[in-house]
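What follows is a set of structures to go through.
One chain, chain A, appears in both complexes that follow, with chain B as partner in the first and chain C in the second.
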Partner chain A sequence: MLEARLEQADLLKKVVDAIKDLVQDCNFDCNDSGLALQAMDNSHVALVSMMLKAESFSPYRCDRNIALGVNLTSLTKVLRAAQNEDILTLKAEDAPDVLNLVFESSGNDRLSEYDLKLMDIDQEHLGIPDTEYAATISMPSTEFRRICVDLMALSESVSIEASKDGVKFSCTGDIGNGAVTLRSHNNVENPELNVDIELSEPVALTFSLKYLVNFCKASGLSKSVKLCLSNEVPLLVEYGLDGGSYLRFYLAPKIGDDE
Partner chain B sequence: MGIKQLFSIIKEEAPDAFKEGEIKNQFGRKVAIDASMSIYSFLIAVRSGGEMLTNEEGETTSHLMGMFYRTLRIVDNGIKPVYVFDGAPPKLKSGELAKRFQRKAEATEGLEEAKETGTAEDIEKFSRRTVRVTREHNVECQRLLKLMGIPYIIAPTEAEAQCAALARAGKVYAAASEDMDTLCFDSPVLLRHLTFSEQRKEPIQEIFLEKVLDGLNMDRKQFVDLCILLGCDYLDPIPKVGPHTALKLIREHGTLENFVAAVAAGKAKFVIPEDWPFADARELFFNPDVRDADHSDCEFKWGAPDMDGLIQFLVTEKGFSEDRVKAGAARLTKNLKSSQQARLEGFFKPIPKTDEEVKGLKRKNDEKIEKARKKAKEEKKEKAKAKAKPRGTA
Partner chain C sequence: MRTRNAATEVPRKGTDKRTRAKITTKASESEAAELVSKIQLGPESSNPPLLFILPEDASPEARVISLENPRYSTEDRYFVCPDKGIYEFTKVAAPKTTPRSWLLAPATGDNLESDKKTHNEDGFVMRDANLFISTPIDPLFLLLTVLNPLSKASEASKKLFLSGDDYLDKLGEASPHLSVMLRSPVLRKKFEDRMKVACETVEAGDETMYRWSEEKLLQELLRKAKKMIEKGLPASMEEKLIKKPLEVPILSVKREDSSLSESAKDGEATQADSIDLSDTQSTTNSAAESLPTPFSETSTATTSFSELENGDMSTPKAKTSAPDGVTELLRLRTAFLFISSNYIPLYISTPLKKALCSPESPVDFKPLDTYLEHLAKLRQDALALRSLGDYSRKRDIDDDDETIEHRAEKKRKREEEDKRKKAGVSVGLRKLQKVNTTGMKKMSDFFKKK
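Right, the complex of A and B next:
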């Protein structure tokens, strides 16, 4: 039996919104430590890894491991019926056919209840090795989104170069080229605007902007975003959430031809 | 062509052994394509008003049209194709080939007759049956591929076998053919419908040999035996053996040797054709004559297209539209230049399923198969009932 109560429905709304264009159907794996989701997009270029820890809920109860196979488009439809400030409770039996969602409005005594049909999904899980990344960049999530959207106007792909001078996002397209460079920056008054670059060796990699712009839909979840890069491994884009929960995206790089 | 009914068996017995998806999901992969089969399908499918496309001199251009545009579509989707042409057919195939020749001859006669007496539909039907891939078609396609910068190889014998060998050695991700034979040649992955036209909106089928064997609960030898029973290109089929019977027979007897012995002993009532060298056919599937994947012929390079050469060949000689050929060549160049998107599987490996999960999955699959069977049975019953009712009483 699963019972998980979220103080604010908008956390789940935003998470599902951020990933529903990448993934259509996926399993929410529930166990006593929390709600986890791992799924690749259709073309196996990007991977979403979400963890909503038990601490993010109050209360959280899950006696047995359950996989909730959900169609995200359908879940979005149901979640649309919830207001951002509603209290949201997820409930499911041990071998569930449906996921029960309850929205309680805090202001008045309105209570809405929905059952979402579940499906059997045979999913492949990928093992993600622990990586010591050569470069870790934290920046405001709005800044990252702006860079991606701006460069997307020129080209399909962006090259990200991190060196001791800073991090440079550059692209070349048919109409011309563009580049944005950020340096480490410490804003005492407003630490949310900090740009922080940790570097053990210089890195340069190219990625598809289409995917990055898609990841940026998660910007509303967290004020800052963390990019982790190492040469020849996928990029990690992490949005940290309260209580140790997170929403992570992995993206395979574009590579020059091996021949 | 190929193995009769094999796909329907796979669909029933091992439903998780194949996936269907869009062509663009295959990007970044190298694929070996059975060229001879593709050319044949172009000659049949690329037509206008039921007639093959020709240039002003009346030379057929259907195959070139198909090869050029379908290859462009494949390359546009980030796939790197290698074409594999048939070499000399194995001796065992001569029976099948003679039959095909006979059918062609009949069809040619039929066509003549239809032209005099038949309707337009009849003419078209027979004209499609008379299609043959000639040496000239092959040579022209090879010339076209060279100009497009797409690599190709001529197999010592069967193209499917060569495709499978390349895929097995990891030179390419998969073999692409419509022919289910390719699985018997031990190709780990088979792609179907890759060279189909965009308009047909057929999803690309991806069939995984390992999962097929798992689902059928057979080793490779039994699988090949099953395919021989179903009827391959090399041997005559056994009368009264359809997909269900073939499956049952292999499950019962284990190997073709046992089956043949059982028939000889009168325990199984089937009539095996007099000349039925199943061991030779099996040998062909297990040890086909192919180029080793590390042979120098199998070093594939994707190069820039030769724009002038393409215009000379396609526009001047074959009467293609110059603008379209130029646009196509530009697309080839662009795709070659742009850096390739990598796939996540190259970095993160799938976690193998635990035994418990595998069991659970197997159970679920069995349930699904059982359900589908029941449903089919009931539908049949319904139909029988509907038929049994005399007309007009409803």
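Right, the complex of A and C next:
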């Protein structure tokens, strides 16, 4: 059986919020190392990979590998009943029909309990190899979101060019064009605002802005976001979480018909 | 049918009638000639010629006279030949819907040249294509009213033996024309001979006395009926009165048919035993009463009409799987009813029919009655079944409606489910589905399946 206690319901809420607009139904794969999720969007051009390590929970107990087939919208509805600061406990049997969620309010002695019906989801798992990316850019997640949102006003896709000068987000649309260039930036006082560019070779790729904006919904999870690019491979957008947990998005680059 | 519409003028020229069974015009020649001599159409002849087919080799004394119709007790025309007997006329007319005329043209053949002198050479157009065919009629029928007069029909005990002359005198009183003809000893003999078959006879000295006998008449009529069906009934009669009543109703479902007919037979077998005889009599009587109408219609029908019917007959409408003998029985009865409804006064024919249906009847019609009853039951069942079928057909439509409804329901459910699924789909997800992903490879192209 599974029993996982999160100090802050906030985490799961944000994770599910970030994923629910990309994936409809998905399996939460529970094993002794933690809670993992891998799912693709309907078009299969984007992939989300989440890992909530056992360390993120206190305590975490999972005797057996359990797949919790969840409709994320439904899960969102249940999670809305939880306050951000509530202690959240996930419970499930070994072959569960329902996922039991308990929200404990630390302030008052309120305890709410929900059972979410589960479903069988036949999902294929893709093996994602560790990749040496040509460019790895770390930046404030808010900054990334702002760039994406701003550029989406002009176009549907953005070209990300990483060079030694910096990383340039540019787009061309019907009403004009725009570009945002970030250089490596080191803020001693506030390291969260650092922009760090690791580059082994220059990369220029085009991506769908809508998807990127979608990924940016996870911005609340982490102050910084890591973009990893390599030619001919999907872009990795990673939001690092505490305790080695992460939320990763992969997006296939647009090839060919650049507008 | 009878000669009520026939010529009022008795043909005077015996020679005309004696030339084979041939068409004879008997309009006054001068009048016809006058008509045709004018090129334009003259006024309609007040006494148009009529076409007759008369018996061959009739005696010169033969005449068309008025006699009392045995069935209807009206004055009708009969062709009476002192040598050959009495002939009735049957009118063959074109139906009113397809009016026709006769063109009487002078004969052109060499062998008919002699006739030319006596005929109107210019021909004549007859307004109505009517043809009167004379056919022999049994004098017995004419005798019935005198043998068993209506006034004494009910009081059987009071019937007396009378000499043949007495009866013939009575007949002469009723039909004065005949009294003249009856002077012929040949014709008289004919009448007396026929008298015997319907009467009990007693020899009183050298004179034979006759008394009406219903049983003998019944036997004679049955003999006539048998003779009538020997060569087969007319096609239209066979179709309307034999085939149709014996038609086994076709049931839509064959399986039910067999089970139904079996059950019907079972029921009928037990029912037949308990049938009230008076019941069957009354039913057959009523059937008999209803029979004459088609006869009078068919007898006035034209050849073309009956041909049409013949054509219809060639296409089998329904199977007639009547048991052996039943068809024959029906034919016999139909023929009997035909004769009695055409030639026998109603007051005589009614008791005759009763006698025919009674258990003492010389012919046992019971198999026919039971079979007809069985058929009626079948027909009723078929009707019920058909109405049931109609109902089920309706139900089918209803079912269709239901299935349509069902489908609509399913569709609605599916839509609802879709909606719910869509509800399970977040707004962002739906927006994302609209994103143009051309040029973007699938994830499985980059990452291999585990």
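In this section, the second predicted complex is superposed on the first by the 256 of 259 C-alpha atoms of A that agree within 3 Å, B and C clash if a C-alpha of one lies under 4 Å from a C-alpha of the other, contacts with A are read in each partner's own complex, and residues count from 1 in each chain.
The rule is simple: contacts are C-beta pairs under 8 Å (C-beta built on N, C-alpha and C of every residue); 3 or more make two chains touch, one makes a residue touch a chain.
Everything numeric in this text was worked out from a predicted model, so none of it was measured.
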In the superposed model built on chain A, check whether chain B and chain C fit or clash.
clash
Check whether chain B or chain C contacts more residues of chain A in the superposed model.
C
Would you sort A:K53 into first (chain B), second (chain C), both or neither based on which partner it touches?
neither
With the two structures laid over each other on chain A, which partner does A:H44 touch: chain B (first), chain C (second), both, or neither?
both
Name the contact category of A:D120: first (chain B only), second (chain C only), both, or neither.
first
For A:T73, select first, second, both or neither according to whether it touches chain B, chain C, the two together, or no partner.
second
Applying the touch criterion given at the start, work out whether A:I128 contacts chain B, chain C, both or neither, answering first, second, both or neither.
both
Quick one: is A:K168 in contact with chain B, with chain C, with both, or with neither? Answer first, second, both or neither.
neither
Touching both chain B and chain C, residues of chain A
40, 42-47, 124-129, 156, 208, 233-234, 250, 252-257
In the complex of these two chains, what residues of chain A are touching chain C?
20-25, 40-47, 71-74, 76, 124-129, 156, 208, 210-211, 214, 217, 233-234, 250-257
Touch list for chain B against partner chain A, complex:
16, 21-22, 24-25, 27, 301-302, 338-351, 361, 364
Could you list, by residue number, the parts of chain C that touch chain A in their complex?
421, 423-429, 431-433, 435-450
Chain B-facing residues of chain A, complex:
40, 42-47, 120, 122, 124-129, 156-157, 206, 208, 233-234, 250, 252-257, 259
